[in-house]
Structure formats: structure tokens, C-alpha cells
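Chain naming follows the written order as A, B, C and D, and within any one chain the residues start at number 1.
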Amino acid sequence: MSTSEIKKTKRSCKIISQECIGKDIYSMWLNAGEIAKNAVPGQFVSLYSRDGSKLLPRPISLCEIDKEEEKLRLVYRVTGRGTGTEEFSGLHAGVPIETLGPLGNGFPLDAVKGKKVFLMGGGIGIPPMLETAKQLDAEKTMVLGYRDELFLNKEFEAYGDVYVATEDGSAGTKGNVMDAIRENGLEADAIFACGPAPMLRAIKAYALEKGIPCWISMEERMACGVGACLACVCKSKDVDSHSHVHNKRVCKDGPVFLSTEVEL
Amino acid sequence: MNVNLAGVELKNPVMTASGTFGSGTEYSEFVDLNKLGAVVTKGVANVPWPGNPTPRVTETASGMLNAIGLQNPGIDVFCERDIPFLRKYDTKIIVNVCGKSTKDYCQVVERLGNEPVDMLEINVSCPNVKEGGIAFGQNPKALEDITKEVKKYAKQPVIMKLSPNVTDITEMAKAAEAGGADVLSLINTLTGMKIDINRRTFALANKTGGMSGPAVKPVAVRMVYQVANAVSLPIIGMGGIATAEDALEFIMAGATAVSVGTANFFNPYATEEIVKGIQEFLERQNVADINELIGVVK
Amino acid sequence: MNVNLAGVELKNPVMTASGTFGSGTEYSEFVDLNKLGAVVTKGVANVPWPGNPTPRVTETASGMLNAIGLQNPGIDVFCERDIPFLRKYDTKIIVNVCGKSTKDYCQVVERLGNEPVDMLEINVSCPNVKEGGIAFGQNPKALEDITKEVKKYAKQPVIMKLSPNVTDITEMAKAAEAGGADVLSLINTLTGMKIDINRRTFALANKTGGMSGPAVKPVAVRMVYQVANAVSLPIIGMGGIATAEDALEFIMAGATAVSVGTANFFNPYATEEIVKGIQEFLERQNVADINELIGVVK
Amino acid sequence: MSTSEIKKTKRSCKIISQECIGKDIYSMWLNAGEIAKNAVPGQFVSLYSRDGSKLLPRPISLCEIDKEEEKLRLVYRVTGRGTGTEEFSGLHAGVPIETLGPLGNGFPLDAVKGKKVFLMGGGIGIPPMLETAKQLDAEKTMVLGYRDELFLNKEFEAYGDVYVATEDGSAGTKGNVMDAIRENGLEADAIFACGPAPMLRAIKAYALEKGIPCWISMEERMACGVGACLACVCKSKDVDSHSHVHNKRVCKDGPVFLSTEVEL
């Protein structure tokens, strides 16, 4: 799928529901109209604050997409006091929120169709794997890493085996997602992953060692979210399409990249 | 709504601010480029520039800091790809030019002489690159000299883009005028810094960045007013414009045209909405010609 | 939380910014002045000044413009009324001094030599008065000269307050250092303008005003960082400080103390809350001495 | 009453009710705690926006004071799109609003006790006259000036005769409050007034001509609202207490001044 076919919109989306599903973790459904209609798993939206002093977007991945009802589910973490995400968490059903999307490329579902695939998520990187699990036609094994408290994990069970790792050992394997793979002797032909940089680095090394393809979803500070400002670049092996300088844009060329294509 | 910048007739005074709109491709999904007075491109150099390490942007109160570092594909790719894209639209093309030395600038300017672009904007005020950029923009003599050199090679009217990080903006404006500039644009970004106290480090990899957005508007309006009353060149005003009201503030302070930058990031429809808003203001206030409003507040 | 400014020991680094806190009377209804490192008074001249016509203030995005024009009762009333009021509290008294000529400044400074005040802050950076003020603050030679003169008459340590409306703040800092300044404070306000497009006039009677508030913080932090790395004098940082986190940004950039200005207007409890917030940060991060944090980000 | 005895507070006040009572005119009751307890007629509060980009206070006069229930009523005009007052008008019951007060001096009720007093209000200067009417022990005649649509006028009827003037002549006297006085042949021994500067100027001239004392409530742009910043001064006949330069502070020395004491 080419990103240029996907039509982006910025619109005011009414909140359908807002729920706290873990410490500082919120789940929100939005009435998103054409944004939902055009969206694919692994893409994200930019949310905007109602506070005139906060100008920049808050990029949030799509956790679930309901094309029929034109709804989107976002699961996000409140990062601190006075932040944009804190503001979002206080908004009730019925309140509109400015939303730009769908943004980015999404996971290449066709490339791994029918294979044995790890869907790996770490922390707040877990949400985008849910819609990916729903839509991916493959033999899926979910490996989810948490610090302590679990969230969303039950919702993955409909789509395959779910393995969990926690840093404090309170559930599943004590350690990280790689520890969970080793402890359970798991294997796959391909990987889709989203999570913090150290986790992605370990997964990239593992995929290289096993000789399997691995796609990772990257994070970077953004301003435009649509590829115009060149804020959100990551170092890439190939020259990028925009500036021909090995700087791919996370918001437009990503956020999903083949792990061997980018520096971490 | 027509305004005239050094002989170039724009259908309206609303343009994009360099570096915030790419070469128009991305925002053409949101706005009809045909509706804009001009598209000002991201700065382009003689060769590709990789720019600065990330993080390159951070949020500040009603503003942002950026230290992109003028990443650009170089003039060759630009001429092959971006100019033909923009030529499909009925809008003026203004190419923003950056460089590390006078020679760099002149090379790009000369090369653009044969291209179907309408004006050149010379960025001598980027605070985010070590060489070139702002060095030329904070010294009147250096500014006059580079303006003269650039004018030797330029086939299109030359806009000199001024830095606000100076003691006396009128001195810089006069230097650019003395060097032969056709138009002035201001302001580029104000140099700023943000510190992440928990990580005890700078929010931007480059330490400092350029501040833009509504926060800087009062400084920008003041400088446009000062320059309009000090030189006789037309002015392109910018810095924090997000609404038609903001744009009209700059016009009444003395700007002939305005550029919209950071606002695109929080409202991708901003440029087109501002064109519409100015039109409505003129109708509401029975102003026959927008040129009547330029510098009307004294 | 003690910090030392040129031999004056403050119980904590939090002070008020001149002109935003009067002489403490009004805000003593909200905060316990005993809890503050120092109270910096509104600028005082040798004779009463009536200030500028109204409107004197206007709101901008995350900031404000003011053109009070240094209205003050003159040094006589000040010594009779304001110093005795402040002396009732266990806090340091810093008197901000303004003038139209070097002689004016020196007269006030000399007079204060016999008064129980702890430090003098010389305002050579007010953008809102025609004579004096910023004229001294935008020229390194003039700044060095007035610093030297003031030092001749001063019995207390002298803080020179720098204007951000300059090309190179380090050059100004070095000039003040060369002139014998004991401490530097920065930033004063950034000159700005706002236009009321419906009435086609300036929002302020004075046309321009000084911009302050959170909007200017990135410029202020950058300048404090630059100055801290250019001279060896202690620095009082200010510009947009509204929270303990903001204050710590300045301290990590190189400020020994901080002043809270515009924030008092939207949170009259701001100063005391910031003292408490810094204390909590130090505890949370196990920092034994706040002096360890001064200039820690390089 | 000396203003220094009045203890000021800034606190978050819950909105009890919010009602639109005319075109762009809103009436709001606040749970104001000690602010209400300490307040007197003619004083005001500063309201603060929830939008981090709007820093300065919005001074609003007290329209009614309920000391027992610690409630305040504010009646205010939405001045335009994107303004602080527009934001306030959209806040529902239960939402907190940052409020500083009580501020300023108030009308000198004792000075006119038992006399024949005009209470004159113009436009959005009408609200503060309501609590003044309630508390003033005198023979009160209300003269209220409007552009067109009336508001609050009925509520004054409990306290004396109410005369109305409208610019478009749609109700009462066509013209301004002075026209209403003339048309109805009204007389008084003293005046309390609040409204736009031209109206106050006319009232001041009338009082001078009649040789009666007249107190007017003034308006000026404010920053601190408490007397510290010297933003809100007006030219005064006497030297002011702060700077001894004939610049009285509207927020602290006022907003109510003897008309002969200030320039208009």
C-alpha cells in the first residue's frame, strides 16, 4: 500500500468513551469519520490540545479500527502533570478532540501473510499490535512486555498464543520480551514490533541472528506529522525519498521500517 | 487581493514560510495551492545537506524550537522534482536559498536563473547551522556584501530574509537595501533553548533552536513596523501568524505580504483559511483594495 | 537552599522580578515574604516618574506586553515608606534603580548607600522610556561606562540587568563585567508590538512594550546559558518562570538565583510555590546542595 | 471601609449555574467561599482562563453577593470569538474557575445613606448596580441604559423605580441615561454610576452642574489586579498613595472614584 493513496484529514472527532485501563493508561474511542475509513494497522493519528499554549501534535498509534462505524480506538499513557496526554485523559464522552490522520505507512500485512509471525509490543508500544493482530492473516504469536501492571493482554487472546514478560516478574516471564521468547522456546518466520528503543534494538539483533525479516515501528519528536518539516528523521541505510541523505521521516516513510533499513 | 512584490504580482498576500511547508507536496493534500499567493520552499543548497541530529523540535509555551539544520536534497534534485511539481499550480514559486559561503549561495542563485521560479529568498538568518546562515545575518557589512554578490547572479528579484537576533533590525534592513535587495522578509526564528531538568540535558540535540509560533508574534510585528518605517522596500512579514487577524496585524504594521509557518503544523488548512479570512475582513470593513491597509497604522 | 550572590547569602534562590511585585506590600497578602530569597523592588528614580499613558498592558500568546514607563514615587518616598516595610521581613532587599542619565542613577545609588538594603539592581534595559534605560543596555561601551560610574557610588553589590534586545548577549555581559559589575541579571523584556486591527491602532498607548511571560522563556534560558559560559559573575535568571521546573531550567543553565515576574499576575502564590517545588525536587533527586545544580547542563 | 482590611484570595470556584440572559450576556453563579464572605458592592473579581496561552485576568464586577451561602453572581458579556469571556460562557455547572478577589474598593454606601440616589448603569456596567441597589439604604432610582435588548432590568424593580433608555428606542426613552433623566424629570442628591466612558463623562458633567456628589466605577486594562504593577492607572486630582504622581490605580484605589477626583 502506498501512503500517497491514503487521504489525510484534520477534523474534530467526538469522544465516544474514555476509560482508565491501568496506571496512567487510558483507552479512548473516537468518532473519526473518514480517518477511520482510510486507516490501516500500524498507522497513527496526531491529537491536538485544546490549550492554546500547546501547539504540537501528540502522535498516538491506532489500537483498533472500526471502519464500518468509523470509529478509532487509541490507548495512551499520561506522561506527566500538565501534559497534553493528561488533558486528553480528562475529556469525557461527547467532547470533541482535534485529530489529524491517518498518518504513516502501517505494517506490511501482505509481506508476511500465512507465515509464523511474532507480534511483539513493549509498554505503550503494545496498543498498535492489537489491530495488527486482528487484521493479519498469519499464524500469530504475541509477545508482550510490561514493567509491572498488565493491560490489553486479554484482548490479544482471540488471535493466537499470548506470552507476557514483566520487569518485576509479577506475571509471565521475569524480564523482557526476548527473555519470554527464550524461556518459552518460541520461533517465528517474521516479526512485527513496537516499543522502546532498547527493546527494538534487541529484537533487531535477534532477527538478524535468526535471519528472519523484522519490521519495527519507530518513535521520534514531530512537528507536522505529514512529512513536510523534516523534524522526525531517523538514519536509514538507503537514501530517503525526500532529501536523498539517508534520513527517513518517521511520520511519512515510517513509522514502520524494515529493521535492517534503519539505525537504532 | 493582489499585491505586488518588486514587480511580481501575487493573487493575494498569503504565502508559506520556508521550511514549514516542504515544497508543497505534503500540504497539497490539505490546501489548494492555487489559492495561495506564493509557495516559499524549504531552504535549498548547492549540494544535499543531512541536517542536525534528533531531537530536532520541542514544544514551548505557544511556540516551538526547531533545529532541523537545513536538511535538503540539494539544488539538482530540487530542480528536477520540486519545481515541476509546483509549476503545475497557479501560484508564485519563491525558492529559499541557503549556503555555507557566499559562493554556495551564488551557485544556487545562478543555477535558478534558468528555472521557472518567480523570486529568490536568501536565508542569511538560520540559527541552526554552524557555518553560513546567521553569520551573514547579524552583521550589516556582511549582509550588504552578500546581498551585492547574490544580486550579481540573480535573474529573479531577491528577498533578503532577516534575523530577529539583532540589536537594531533597521540597521540590517538598511544594509540589505544598500546591497540591492528587492524585498525583505522577516522574521526568521529567535534563538532559544530548552532544558530537560529530569534528564539534565538539552531538549534539542543541537542545544539551541529557533523559536517560532504565536509566542514570537509581538517581536515580529514590532520589527516589521520598524523596518517599514526605515526603508522603502516591500516587506514580507512572518512570525506566529495563525489567523487572518494575525496576518492583518502585519499588513497594517507595514507588510505587503505575509508568510504562514508554524501554524501549518497545528492547522494544515491555515494558509487557505487565512486567505478567506482576509477577504471577509475586507468585505466587512468595505476596503476596496488590500493595498490601502499596508502600513496604515503609524 | 542557600545561594550566594557576591557575598550576599540568600536563604533560597527565589526572588521577585522588578516591577511585578511593587515593594512587596500588595503580594504580602498572598505570600509570606519571609519565605523568599529576596524581594526586588520596582525601579526607583531620583524623582517621582508619572510613567506612560494607558493602556499600559496587553495580552499576547502565553505572554504580555507592558509599557508602564517606570512610574515610581522617587527615592525619598521609597526610603521612607518601602524600605521600612520590607525590613520587617527576614528576606534580602534588592532595589532596582532607573534613571535618565548616569547622574540620575548615581544619585539614587549614592543615596541608597546609607539605607539598609542588600543589593542594587541597575535597570539599563527598560524598553519603555525614551531616555536612559535601554540606550545604556544596547551598547557595550555605554554599559561598561555606566557600570564603572555606578560602582564608584555604590556601597552595596551591584547587579547589572541586561536587555535581551541585542545581537550578542555575551558581549554585553563582558562589558558589564569589565565595568566591575558584581552580578548580572537577565532577561529584561523583549520589545514587542500589538496592533488592534479593528480600531487600526496600537494596543498600547506607547506603541511598543516589553514582552514577558512564559512565551519568552526559551530566549531567556538561552541567554543565561550563553552568559554563564562567557563570564564568571553569578547570574540571576528570569523570563517566563512560573513553576519550580522553570526555575530549575535556569539554574541548570547557569543561574545562581531566579526572579519570578509575570507569573505573579496569574498566580499570586507563585514565588512561595516555586520555593517549595525546588525543595521537593532536590529531595526527590537526592541533591544535597542546590549549588551542585548551577550550570550542570553544559 | 479601608481596602487593606479586605483579605484577598485566589481560589478555584465551582460554577453553580450558567445562563444566557441576552445576546452575548451571561449570568453565572459561583461557589466563592471567603471571596463572597469578604465582598462588598462595587468590588470585582479577576477570572482566569483555563487556556495556558491566556495569562491575564478578566476583571468582572460583582452583580450579587450571597454571604451566607458564600456565592457570587457575575453577569458578563462575551466580547468576541476566541476570547476568555467566550471560554467562560461555555463552562457548565460543576466546572471550577480560577478566581481572585474580592478586589477594589466598592461604592461608599454610608456616604449616601438615607438620601435620594440615582443608581445609573450603562450596558455591561449595569450588573454591579444590582447588589448596590440591594444593600444601599436610601431612596433609590435606577436609570439603566441599553443599546437595544434589555437584561437584568426586572430584577431592579424590587428596590425602587426603574427607568430605561435604549439607543434604538425599542424600550423606555430613546437615547441614553441622561435623556431618560430629562424625559422623566428625575432628581437626586447623589449618584452611583458604572458604564462606558462617554456615559460617565456625561454623568460627571451633570453632577457638577447640579452640585451633587457622584461616584463612578472606572475601567482600565489590568495585569495584577491588586495594585502592584501600575498598569491600570487613571489620572487623578490628588496625588495617589502609591507613586505620588496623580495616577490612581483602578484595581486598588478604585474602581469607584468620586467623579471630581479623576479625569475621564
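Here are a few things to note about the model shown:
Note that in this section a residue touches a chain if its C-beta (ideal position, glycine included) is under 8 Å from a C-beta of that chain, and two chains touch if they have at least 3 such contacts.
This structure is a prediction, so every number in the text was calculated from the model and none was measured.
The interface holding more C-beta pairs in contact, when A-B is weighed against B-D, is A-B. Chain centre most remote from that of chain B: D (centre = mean of CA atoms).
Distance from the chain C centre to the chain D centre is 35 Å, each centre being the mean of its Cα atoms. Separating the centre of chain B from that of chain D, both taken as means of CA atoms, is a distance of 47 Å. If each chain is reduced to the centroid of its CA atoms, chain B and chain C end up 34 Å from each other. Listed for chain D are residues 52-54, each touching two or more other chains.
Residue positions of chain C with contacts to 2 or more other chains are 61-63, 213-214. Because contacts link each chain to all the remaining chains, their graph is best described as complete.
In the complex of the two chains, the chain A residues touching chain B come out as 7-8, 10, 48, 52-57, 100, 220-234, 242-247, 252.
The touching residues of chain C, when paired with chain A in their complex, are 61-62, 214. Per the touch definition, chain B reaches chain C in the complex via residues 60-63, 65, 138, 165-168, 190-195, 197, 200-202, 208-209, 211, 213-219, 221-222, 225, 240, 245, 248-249, 252-253, 281, 296-297.
Chain A contributes residues 52-53 to its touches with chain C in the complex. Contact residues on chain D toward chain A in their complex (touch as defined above): 50-54.
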